[in-house]
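The next part holds the structures, each set out as structure tokens.
What follows is chain A paired twice: with chain B in the first complex and chain C in the second.
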Partner chain A sequence: MTAIAPDSTAGRSSSSFWHAAWYRYRRNRLALISGAIAVLILLVAALARVIAPYGYAAQDLSASLADPSWQHLLGTDELGRDMLSRAIYGAQTSMSIAIGAPLLGALLGLPIGIISGWVGGWTDYFTLRAFEVFTMVPQILMALLLIALFGSGVGKLVLFLGITAWVGFARLARAQLISLRDRDFVQAARSLGVPTWRIVIIHVLPNALGPIVVFFVQQIPATIFAAAGFSFLGLGVQDPLADWGQMINDGEQFLPLKPLVALLPIFCIAVATLSFSFAGDGLRDALDPTSR
Partner chain B sequence: MPRQRTSPVETAPAVADRPLLEVRDLHVSFQLERSTVFAVQGLDLVVRAGERLGVVGESGSGKSVSALSIMAMVPSPGRITAGSVVFDGQDVLRLPTSKLRHLRGRQIGMIPQNPLTSLNPVLTVAAHFQEVLSLHLGLSGRAAARRTVELLRSVGIPDPQSRMNEYPHRLSGGQRQRVMIALAMAAEPRLLVADEPTTALDVTIQAQILKLFDDLVETSNVAAILITHNLGIVAGHCDRVVVMYAGKVMETAGVFDLFEHPGHPYTLGLLRCVPRLTVTRSRRFHAIPGLPPRVTSPAQGCPFAPRCDRATEQCVSSTPPLADVSPGHALACWHPVTAPPEELR
Partner chain C sequence: MVSYLVQRFASLLLVMLVVTMLIFGLMHAVPGGPFDQTQQPLPAFAMANIMHKYGLDQPIWRQYLNWLWALLHGDLGIPFEQPTMTVTGLIAKAWPITLVVGGITIVVAYVLGVVMGCVSALRHNTWLDWLLTSAVSTAGIALPNYVVGFLLIDIFAVRLGWLPTGGWGEPRDVILPVIAFALYPMALTARYTRASTLEVTYADYVRMGRARGLSERRITSRYILRTALIPLITIMGPNIPNILTGSIFIEATFALPGLGSYFTTASLHRDYPLILALVLIVAVLWGTCYILSDIAYTIVDPRVRLEGLSQ
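This part shows the complex of A and B:
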């Protein structure tokens, strides 16, 4: 059996699917703007080292809690660290966790969900029981427990939030596979002698991709929130690394005196979660198979 | 438009009289939560090379399940409980999955019931063909594209060069069925199974599709099983007919024989259901009373007995065997019709 030339088939079909989705997405102004902001945040996060005027740990104790000036555009915190730079490095931390954790969750959950939904029977039965066991403990509590046991840090947060996020992806993939596996075009492909692995990968998965992408993007704001929450409680990212949640924690005590120190990271979290949420909603509308 | 068949697997003359497909005593049942549905109960079918066999029956008589059984594709919770399907000397039901893949699509092509949903919405028409051509014939790239254009042209898709790069939703229902037929024919199978290929289509398109089916069968010398509930279609497009009811063969005969001398009361009933424009308006539209049974226990007696106006004690108590009444004409009835009523003449 010769493999089909991957160039033409796969490339052309997916590009047109995304083309149509992009057309629908573009007409949704809120989603378009949110998407642009989300991309901007990602860029800032990726280029933090280049953009930030100071390092995230650079202290200037003589200028502690300074007001905004040309030296420090958004002022400094109690240790005289530049707020703008810390907000930018905070974006890097937040985004690494917010993208990394769902990515890990997807890598773990999707194969489980796909196998469970496609094979059915006893395999499916056991996966469903696993879902139930894992949903019994709330994701945040589970991650909290793991942090308590194994300590924290960016890498560990990604790991803990990731391995607790697999259930959502597995559930979604399973549901998609079940709804697709008895469709006529799957039967037709089987009647043409297409091997099972090809049916799953070439015929079924692309049809399930839309909802999975949407779910992934919708996981991002939730993870930003969760990670910021842990850091705020002192369980997440540790000083001197910059993180929005931890910056709120630091600035909270100066709220009556210098509100900007706490308000800036709050504003960042709000903008990031909102833009990723609206972008996710926009994607959902654009990729919704029922509107096709 | 018609093309020459150039298949390397032409049947050798020595085995020409061996049937291409032989189904013996096939039983298929569906195990549901509380009951078992016996969808096919002892089906016997024979298809010879180049022959067109029509399978007729009402909804739920086991036609589609039989068709799927031929390719060992009965959907769960259905199971083939007994019988054999022999295609060109190999027992299909005993083949491992790896061998089955080379049977499906390569040896037996299937035209689905609903062309509107049988093409993958995220793949272009060309991608569907590339897949089949590569899997079964090892064609790829230019060669596959060229063959795709040829195939699409042979089923009457206009401007195949550019149409093949479109997505299925851009094609009309009739065109999609043409594409499905071309796909089924792509690897030059020796048997074509068409499961009510025209039910989802407009009447005008139905005629075109059946004409196409006829042309293809004729030019490529492929054997075909045409499943339908419409005896009118069978009359025009088949050589031999099998009448199914409740998962059993009621009658089988050459198409002319069947229409001239229908032996089974059920066949007669079906024939009387075909509307005729030539008959005077006073004749009432005929229908067989009742519904086909949902068989949840192995049958005792003739399954048609409850709806049959010729039924006797014997029909209820014992099952009539499928027996020859004349060469090539067999029927399963204790009280066959000898002279068809005047109205059918």
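This part shows the complex of A and C:
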């Protein structure tokens, strides 16, 4: 596996690498099912407007906290809003944040990590100190100050969580670059006079892509938790927009009497977290056959 | 090793300085001040007096230096929220509660996590492994800790009435918060321990030990577990400061008067001295754990040597 070196076959061997990874992933039943559910959740999120029987804000106060019926398959919440529709729109909000924030973190962190890992020296020293600064600042405090400064909302939550997520991506890219920097195929490219940017983009990055993809998928459940945490503090997505974390908060008080109002969003979060976690584990095992 | 520690310590101090500056700048950039009252606005001269008393009328770099100077004298200032106390006093009152819950959580999470991970690895592919890995570890990572708290309260306090819904005072008040708080790190530890133990179980030197006729117990304790537990330092190190400074989510859910809630109230009320004190606590704890885990590595893994910046 480590011997995929020669320059001219780089493209072909990397595609066979992904083929082999897909083959290994397919054979892992838990990962396959989890991956399918994760994709399904993303589809539901993307098509919320088409699938949901009602709007997320459509109220029917005469049917407040109704039990499941043909009209409202999973009942209604305190304001008589259809729970099924809100869970579907909740997927849209929660998934936008859960995918958006790591995406922003990757966009910010990967270039920083790549530069610091490749250049080394003082650049690397100061990047490492920057990692420490950002790890030391309590995340909640930082996010609260940012929310106080800029306000809240789906886009802004993505921004705040993305800003705190860059460190992980930068750290990972740096470690990958350092381990790949001195390998034979990089030396070979260098001695052939390939420009640095080309070496990094064409020869090094594809080899580092596996761990980065795995880390990205693993960040999704963590971001779902973080976004739910903001809702808990009342600083997340604001009513009437539907969000799983916020639905749990609103429904929690009805847990003894109308458990479904709280249990539905709890179930949604649990399914989403677990499917992305297991899909991430499966990806890790598929992309790095030496790990167990 | 000594030169490494000195360098590490110096760079951590530098990092802490930058952290406090960053937070200082950020919290002063946030609009609104600590003494903005919505119901009964103070007359301008009274406001000016208060601002002067707390040094808030000075330029921001001056305020930072004042804070740093006071800090060097062991003075963290007065919390604007409760002006009759000192920040040190406030922390001394709230932190022990968080430390008790956090301390028990750490013990429960890591001891049980390691035991569960080892057991399921050593009984790989048996029903016990299946139960521990899939049931327990999965339940631990599925939900945020406060949601676990909601469910625990609903089941054990509301429906069964076995335990209180929250509050602080009796020893049994600790039980539910610790379960909710410990579940996630425990599940994570169990998963990591299982993976790293499995990896070692099939290593050549373990097979070698078996070939030499060592007892199974000796192989497990000296050959497998000793190596398998090393990577755990990496997961535990950064988590311990978080657990010891408390979780606003756990403390709010179970109505614990601990430190965690100040992280939100302090920043909502622009309580500058309290915010900085909390940042400082986290930074110092984090730095300590960082250095300790570096040292721990050299103890458990003889291949690791700590060197200064010479390369």
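Convention: the second predicted complex is superposed on the first by the 267 of 292 C-alpha atoms of A that agree within 3 Å, B and C clash if a C-alpha of one lies under 4 Å from a C-alpha of the other, contacts with A are read in each partner's own complex, and residues count from 1 in each chain.
In this text, contacts are C-beta pairs under 8 Å (C-beta built on N, C-alpha and C of every residue); 3 or more make two chains touch, one makes a residue touch a chain.
The model shown is predicted, which means the values in this text are computed figures rather than measured ones.
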Inquiry  = Which partner chains sit in contact with A:T135 here, chain B, chain C, both or neither? Use first/second/both/neither.
reply    = second
Request  = Give one of first, second, both or neither to describe whether A:P102 is in contact with chain B, with chain C, with both, or with none.
outcome  = neither
Inquiry  = Going by the contact rule set out at the top, does A:G282 touch chain B (first), chain C (second), both, or neither?
reply    = neither
Message = Tell me the contact category for A:L192 with respect to chain B and chain C: first, second, both or neither.
response = first
Task = Considering only touches as defined above, state whether A:P221 meets chain B (first), chain C (second), both or neither.
result = second
Request  = Mind working out whether A:G229 is in touch with chain B, chain C, both or neither, as first, second, both or neither?
outcome  = second
Ask   = So, A:H203: does it touch chain B (first), chain C (second), both, or neither?
value = first
Task = Determine, under the contact definition given at the top, whether A:L144 touches first (chain B), second (chain C), both, or neither.
result = second
Task = Kindly list the residues of chain A that each of chain B and chain C touches, one partner per complex.
result = 292
Query = So in the complex, which bits of chain A are touching chain C?
reply = 125, 129, 132-133, 135-138, 140-142, 144-146, 148-149, 221, 225, 228-229, 232-233, 245, 248, 252, 255-256, 259, 262, 266, 269-270, 273-274, 277, 291-292
Ask   = For chain A, which residues count as touching chain B in their complex?
value = 1-5, 8-9, 12-14, 16-17, 182-185, 187-196, 198, 202-203, 206-207, 292
Message = Give the list of chain B residues in touch with chain A in this complex.
response = 71, 73, 75, 97, 100-106, 109-110, 112, 114, 117-124, 126-127, 130-132, 134-136, 138, 140-141, 165, 167, 169, 180, 183-184, 186-187
Task = Flag every residue of chain C that touches chain A in the complex, lowest number first.
result = 11-12, 14-16, 18-19, 22-23, 26-27, 29-32, 138, 141-144, 146-147, 150-151, 154, 158-159, 195, 198-199, 238, 245, 248-249, 252, 263-264, 266-268, 275, 278-279, 282-283, 286-287, 309
